[in-house]
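Across the two complexes that follow, chain A remains constant while its partner is chain B and subsequently chain C.
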Partner chain A sequence: MDIVFQQIANGLSVGMGYALVALGLSLIFGVLHVINFAHGETFMIGGLVTLIATSLLGVPYLLALPIAGVAGALLGFAINHLAVQPLLQRRDGGADVLLATFAVSILIHQAVVVLWGPAPARIDGLAGTIEIGSVVLTSQRLFVLAVGIAFLVALEWCLKRTRFGTELRAVAQSQFAARVVGIEVDRVNLRTFVIAAVIAGVGGGLLSPVILYSSLMGQVVIIKAFVVVVIGGMGSIVGAVVCGLLVGLLESMLSLVTSEGTATAIIYSLLLAVLLVRPYGLAGKKAR
Partner chain B sequence: MTRVSSWPAGIWLSAGVAVAFLAAFLIDSPYVAGLLAYALVLGMFALGLGVTLGQMGYVTFGHAAFFGLGAYAAALVSTKFGLNFWLMAFLAPLPGAALGILVGFASARLGGAYFAIATLTTAEILRLIAANWIDLTRGPMGVLVTAPPLPWQTAFGWGQQQSYLFLLILVVTLLLVGLRNLQRSPLGRAWVAVREAPDLAESLGIPTVRARVSNIAISGGIAALAGALLVPKIFVVTPDLLGVSYSATGLLATIMGGKASLLGPLLGGFAFAVLPESLRFVDAARLAIFAVILLLVVRLMPGGIVSLLPGFRRNAPAPAFGQHKLPALLRPDLPAPGTDVLAVRGLQKSFSGLKATDDVSFTVRAGELVGLIGPNGAGKTTCFNLLSGFTRPDAGDVLCLGRSIVGLAPHQVASHGMVRSFQQAAICPTLTVYENALIATHRAAPEPFLSALLRLPACRRREDERRLRAEACLGAMDLLARADELASALPYGDQKLLAIAMALAAQPKILLLDEPAAGLNQVEATALAKVLGDLRRAGLTIVVVDHNLKMMMALCDRIVVLHHGAKIAEGTPETVRNDAAVVQAYFGVASPEAVAS
Partner chain C sequence: MDIRWGAAARRSIVATAIAALLGGLAFPAAAQQPPVRIGVLMPTKSLVGKQGQQGAVVAAEMINADGGILNGRRIELVVYDTNFQPAEGVGAAQRLLNQDKIKFIAGEISSTVALAVVQLAQANGALFMAAVPKHPDVTASGYDRVFRLNSTTAMDARDFDAVLTEKVKPTKVAVLAENSDFGRLTIANLRKLFGSKVVAAEAYDMTQNDFSTLVTKVKGSGADLVCIAGSNMEQYGNILRLMQELKLDAKRCVMPGILNSEGVRVAGAAADNAFSADIYVPSLDNPLNKRFVAAYQAKYKETPEKIEELGFESIWLLAQAMQKAGTADDPAKVAKVLHDNKWDTPRGVVAFDKNGQAESGALINLVVKDGKLVPAP
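What follows is the complex of A and B.
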C-alpha cells in the first residue's frame, strides 16, 4: 500500500509539470485561438538553462529558476515574432501558425542537440526529504507542487483583478470588439504569449530535477500537454491544471501495473476517447 | 490553347502507361530506378496528405500513422497467412481509411487544431504498440517481408527495381486521375467549401462532418497504400515508419511542393527523395535545414514550388455561357400557394440568462414574402439561427413543410427545403464567382462516390446539369459577366447577390434572407428588391430580416415585429406601421409617421 501512496505523491508532482505546460497552451489558445507547437521546447529550454546555470555557472538552484523564467520569456517573445504574430492575420492563420511553430520546435530541438548535445543530465534541486507517515517525499517534489499552485493563484488573480486580465479576457471573447474599444490586441497577444512562456520555462526548471533533463523532454511533454488540454477543455485554465495532475496521477498508477510504453499508449488513447465522447473536454462547453 | 490541367483522363492514363514502359525499358541502373520508385512512394504519401492539408486546410502532424499502418497491415497479413504481398498491399487502403474515419470523426468536428493533435497522438499510440507488442511485430526488430516477383518482371525480362518502378508509375497515374476527378465533383468542392466557409457549406445542404471524414479517410487510404508500397524497397517494417520523421517528411514535402495542387506534393516527394542523398554531408543538421525551409515556405511562399511554375493558376475558367437551354430557376415541386409551409410555435432561446428569443410564434404560407423586423438586438438573427438549425432552441417547435426540424443539422434543414443566407455576405473568397455557384449546386444533383471517382457518363451528365444550374442562378442575379472574377474582388453589393444566387442554387422551397440589403446603396437595394419581388411572383416563399424599413414596407406581404426577443406585432405593412407598440419600440415615442421615413 505504501507504494501506492508514494506513486500518488510522485504522480502529482510530475502532473504539475504537465499542468504548467498545458496551462500555457490553453491560455494561448483561449486568447489567440492558435496552437503553439513549440511550447514544449520552451519547457525544455527552461530545463537546459537551469542545468547550465547550476552546473556550469554555479548559480544556486533557487536563483536559477528565475533565470529559466527569463529565458522562457525571451524565447516566447522570439517565437511570437517569428512564427505567430506575422501569420495571425492570414485567412488560414491557425494552420500556418501550427506549421510555423512546428518548424520552430524542430529548430530549437536541433539547435540544442547540435550545440549542447543530446545526453540527458541530472540537476540537483532542493536537498532533503520529508516523511509523511511511511511516504517519503523529496523536498523538490513538494516544491514543484507549491510553486505550481502559486502560479495558478497568481494567474487567476491577474486574470480576474488586473486591468491586463480584463483586456485579455476581452480579446479572448472577441478580438474585433476589443480593438473597437481601444485595446491594443497585438500587445495583449504578446503578453499572453510571454506569460505562457515564462510559466513553461520555470516549469522546465522545476521538473528537470524530478524527471532528469533531456533534450527530448519538450517533445514528450507537449503531447501529454495536448492530452491534458483536450481532456480539460481547450481554453480552460482550471481544467488544464486539474487534468494535468490527474494525468500525472494516472500515469504513475499505470506504471505500477504495466510497462512505460503501454502506460503512455493508454494515456494517449484517452485523448481520442474523450474527443469521441465529450468533444469539448470533460469540463468544457461548446465555445464560440 | 487548352490548359494542361483540362486534358481528358484518357490522355493522362495513356501518358502514364507510356512513361511507365519507357522508364522500365530505358532506366538501366537499379539504383536510379530504386531512387525514382522511392520518390514516387514519398510523392504518393504527400499526395495523400495534400488531400487533407491542401484541399481542406487541415494540418496533420501524424500522417505516418496511416503510412505505417498500411505497411504493417500488408506485411503482417501477408507473412502470417502466407498471402501474396502485392495483393495485400493493394488492400492496405482499407485499414488506412478506417483509421481515417475514426480519427476524423473524433477530431474533425471540432476543427483543424484538434485534428493536428489527434493525428500526432494516434501516430504515437501506433508506434508504441508496434514497438511493444513483440509477439506480433517483433518490436524494433521489425517484420521481414519478401515480395514475390511481379508478373511483368518475367514477362518483359526487366530488373526487379524496374518492375517496381513500373508498378508505382501506374499507381500514381491512377491516383492522380482519380483525385482530379474527385476535385471536380461535388465531393471535392465540398472539401474546399469546408476550408473556405464551413457555415456557408452547411447552410447550402453540404454535410460538412461527412465531407471532412470522407476527406480524411481518402487521405489515410492513399497514405496507407504508399506505406505498403514502400515495403518491397525496405524489406523490414519497423516502428520508425510510424515515427515523427516520416510525418514531418510528408508534411514538408506537401508544403514545399505546393499543397493546393496535385502536382505540388509529387514534386515535393521527389525533392525529399533526392535531397537527403545530396545532403548527406550535413547529416546532423538535415532536420534543422528542413525546418528552416518549412518556416521560409510558410512565411514567404505559402503556395509552394508549383506557385513558381509559369501558367500556374488555381482557378479554372468558367465554360462559355448561353449555349444551352437553362433549367428553371426554381424547383418544379414548390408547395401550392396558400398552404402553411413554416409554423413557428413558442420558440425560446436564452444565452446565459438573456432571453434572445422569447416565446415567438408565427406562420408563413407558401408564396408569401414575410418580413421580420425589429430594433437592433431584437433577436432576429437568433430566430434565423433557430429556424435553420445552427442553434438549438430551449423550447418550442418549428414545423417546416409538415415536419419538425428541431434538432436537425443545418445541412439537413437545407436538404429539407429551407435555405438561409447570412448577414455578412458568406462566400468562398479565394474561388471565382462561378466556382462559388457550382459549390452551391451540391444538393441539387447529388453524386455517388464511385461515379465521381471514375467520372462515369452519368456523373458528367449531372455535372452538366450542375453547370447549367449555376449559370441560371448567376444569370438571375445578373452576375454572369463577372463569373471568372474572384468572389472577394466583387463589390459588396454583388457579393450579397452572389450569396443569394448560391442559396437559390441549393434549390430551396423556403428562402431565409438575413439582412440582404445591409451595406447596399440605394441603387443596389432597389435592384435587390426587384429580384426578391420576381422570386416571390415565381412562387418562392421568402422570409426576410432587414433594417431597410422603406424596402420592407414596400416589399413584404406581412411583417412580424420582434422586440427584446418577443413578438410585439404582426400584420400587413400598413397595420404594423401604425401599431403603437412598434413605434414605441423603434422610437420610444408614439409618432407613426416617423416609422416609414
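What follows is the complex of A and C.
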C-alpha cells in the first residue's frame, strides 16, 4: 500500500512538471490560436539561467527563479516580435508560426550547445525531504507543486477579475469582435505571449533541480506538454493543469502494473482516442 | 551536411598545414625529413569526440618532443570530423586514403562509423586503429590490420560478473537499463547471472528525465543491489539522486565503462559509494601515465579520462609500432609488429589478440568517495 501512496506523490510531482509547460502552451493557443514550438526552449533557458545564476554568480536559488522568469519574458518578447506577430497577419499564419517557432527552437538549442556546451549539470534547489508515513517527497518537489497551483490560481484570477483578463478572453473568442470594440489585439497577444514565457522560464528554474539541467530538457518536455494540452483541451488553463497532473498520475500508477514502455503507449493511445472522440479536449468547450 | 563537413575538413587541413609550417620553422633540422602523417577520425563537434582528439594531439606532441620516430621524423595528425554518421565517416576515410594518401587511420567513437571504416580500410590495405567503438563486430572482420583499443561489453562483463557474484553477493538484484542494445544486453546478462534473484528489470527511454516512479518500483522490489546500465550521465546521475531522495538503501553499481568524473559531478553527494569498473583511471601509478596526465593537464587544464587515454593510445601505439617496424609506409609490417609485441601504455601493458582486440588485464574496480572516482580498495 505504501508504494501506491508513494507513486501518487511521484505522479503529482511529475505531472505538475508537465502542467507548468502545458499551461503556457495552452494559454498561447487559446488567445493567439497558434502553436508555439519554441516554448520548450524557453523552459530550457529558464533552467540554464537558474544554473548560471546559482552556480556562477552565487545567487540564492529562490532569487534565481524571478531572474529565470525575466529571462523567459525577454525571450518571449523576442520570439513574439521575430517569429509570431509578423506572420500572424498572413492567411495561413498559424502554420507559418508553427514552422517559424520550430526554427527558433532549433536556433536556441544549437546556440546554447555552441556557446554554453552540451554537458548536463546539477542545480541544488531547496534542501530537505518531507516524510508522511513511508511516503517521501523532497521539499523541492513540494515547492514545484505549490508554485504550480499558485500560478493556476493567479492566472484564473487575472482572467476573471481584471480588465486585461476580460480583454484577453474577448480576443480569445474573436479577434475581429475584440478589435471592433476597441481592444488593442496586438498588445493583448504580446502580453499573453510574455506571460506564458514567464511561466515557462520559472518552470525551467523550478524543475531543473528535480530533473537536472540539460540542453535537451526543453525538447523532451514539450512533447509530453503537447499531449497534455490536447487531452486537456487546447486553450483551457484549468484543463492543462488538471490534465498534466492526471497524465503524471496515470503514468506512475500504470508503472505499478506494467512496464514504462507500455505505460507510455497507453498515454499516447489516450491522446489518439481524445482526438477522435473529443477533439476539443476533456475540459475544452465544443463551440469556438 | 556535406558542405559543413567540407568546411570543417578544409579548416583542419589549413590547421595541419599551418602546424606543419610552424613545426618546420621551429625545427629546421627535422624539416628535412618528411613528417609521418596519421589520419584521425573523430566526431570532433561532440564532447567525447573532442576528448578523444585532444588525447591524440597530446600523443603526437609527446612523441615529437622526444624527437619523433624513424630518425627524427615528426608525427603529423590529419583530423576529420565523422559526426557519428557512417556516411560522413566513409567520406572522411576516403579522403584520408585517396586524397591525403594516408595508410594509417586512428580514432573514432561510434561503432557504426567504425564498422564502415573497417571495410574501407580492408579494400585499401590500410591499417585502422579503432579507439573507442565497443561493438564486437569491429574486430570480427578477419582483416589482420584492424585493431581496437576499448574493451567490449562482453569483456567488461567477464570481469565485472565475478565482482558482483563473489564480492557484492546480493540476495535480490534490480536492473535499470536504457532502452538500447547495450541496456537490453545488460538485462539479459544479469538475468543469466542471477536468475530468479533479479526481482526488477526496467528499461527506460533515452529521453526520460524523471525517474521517481521507476526508483519507487525498485524500492518496492526490496533489491539490495541496483545495477544501472545507461550511458547518459544526466540519466544515471538522476537515478542515483532519486535513490538518495527516496531513501533506497541498496548497493548501487553503474555498469563498467560508463561512470566518469563528469557524471559523478552531476550526481553530487548521491553518487557516494556507488561502484563501477573501467579499463583506465588517471591516478594509475606508472611513469608513462604520469607523463601523459601531466602533459594533458598542462595543455587542456583538465584531467584526462578513458576517452582521452584511448585517443592518446591510438596514436602512441601506432608511432611505437612504426618505430619498431622501421617503416611508416607499410601497414602490413606495422600490423605484424603490433600483433607480435606487448606495448606500454598509460593504462598498463597492452597486447592484441589475433582479431586485433586489445587486452590490458582485469578491469580496474572503481568507487565514488567524497565526490571523486577512485580505484576501489
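Rule of thumb we're sticking to: the second predicted complex is superposed on the first by the 273 of 288 C-alpha atoms of A that agree within 3 Å, B and C clash if a C-alpha of one lies under 4 Å from a C-alpha of the other, contacts with A are read in each partner's own complex, and residues count from 1 in each chain.
Going forward, contacts are C-beta pairs under 8 Å (C-beta built on N, C-alpha and C of every residue); 3 or more make two chains touch, one makes a residue touch a chain.
Note that the structure is a prediction, hence the values are computed from the model and not measured.
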Original post:
Touch check for A:G17: first (chain B), second (chain C), both, or neither?
Top reply: second
Subject >> First (chain B), second (chain C), both or neither touched by A:F226 >> reply: first
Original post:
Which partner does A:P118 reach: the first (chain B), the second (chain C), both, or neither?
Top reply: second
**OP:** Look at A:V70 in the shared chain and tell me whether it touches chain B only, chain C only, both, or neither; answer first, second, both or neither.
**Re:** neither
**OP:** Go through the superposed model and pick first if A:G261 touches only chain B, second if only chain C, both, or neither.
**Re:** both
Subject >> Contacts of A:D96 with chain B and chain C, given as first, second, both or neither >> reply: first
**OP:** Would you mind listing the overlap between the chain B footprint and the chain C footprint on chain A?
**Re:** 219, 259, 261, 264
**OP:** Spell out the residues on chain C that touch chain A in their complex, using ranges where they run on.
**Re:** 46-47, 179, 202-205, 207-210, 212-214, 216-217, 219-220, 233-234, 237-238, 241, 245-247, 262, 265-268
Subject >> chain A to chain B touching residues, read off their complex >> reply: 29, 34-35, 37, 82-83, 86-87, 90-92, 94-96, 98-100, 102-104, 106-107, 110-111, 113-114, 219, 223, 226-227, 230, 234, 259, 261-262, 264-265, 268-269, 271-272, 275-276, 279-280
Original post:
Of all residues in chain B, which touch chain A in the complex?
Top reply: 53, 57-59, 61, 102-103, 105-107, 109-110, 112-114, 116-118, 120-122, 124-125, 128-129, 131-132, 195, 244, 248, 251, 255, 284-285, 287-288, 290-292, 294-295, 298-299, 302, 429-430
Subject >> chain C-facing residues of chain A, complex >> reply: 3, 6-7, 10-11, 13-14, 17, 117-122, 124, 129, 136, 138, 210-212, 214, 216-217, 219-221, 251-252, 255-256, 259-261, 264
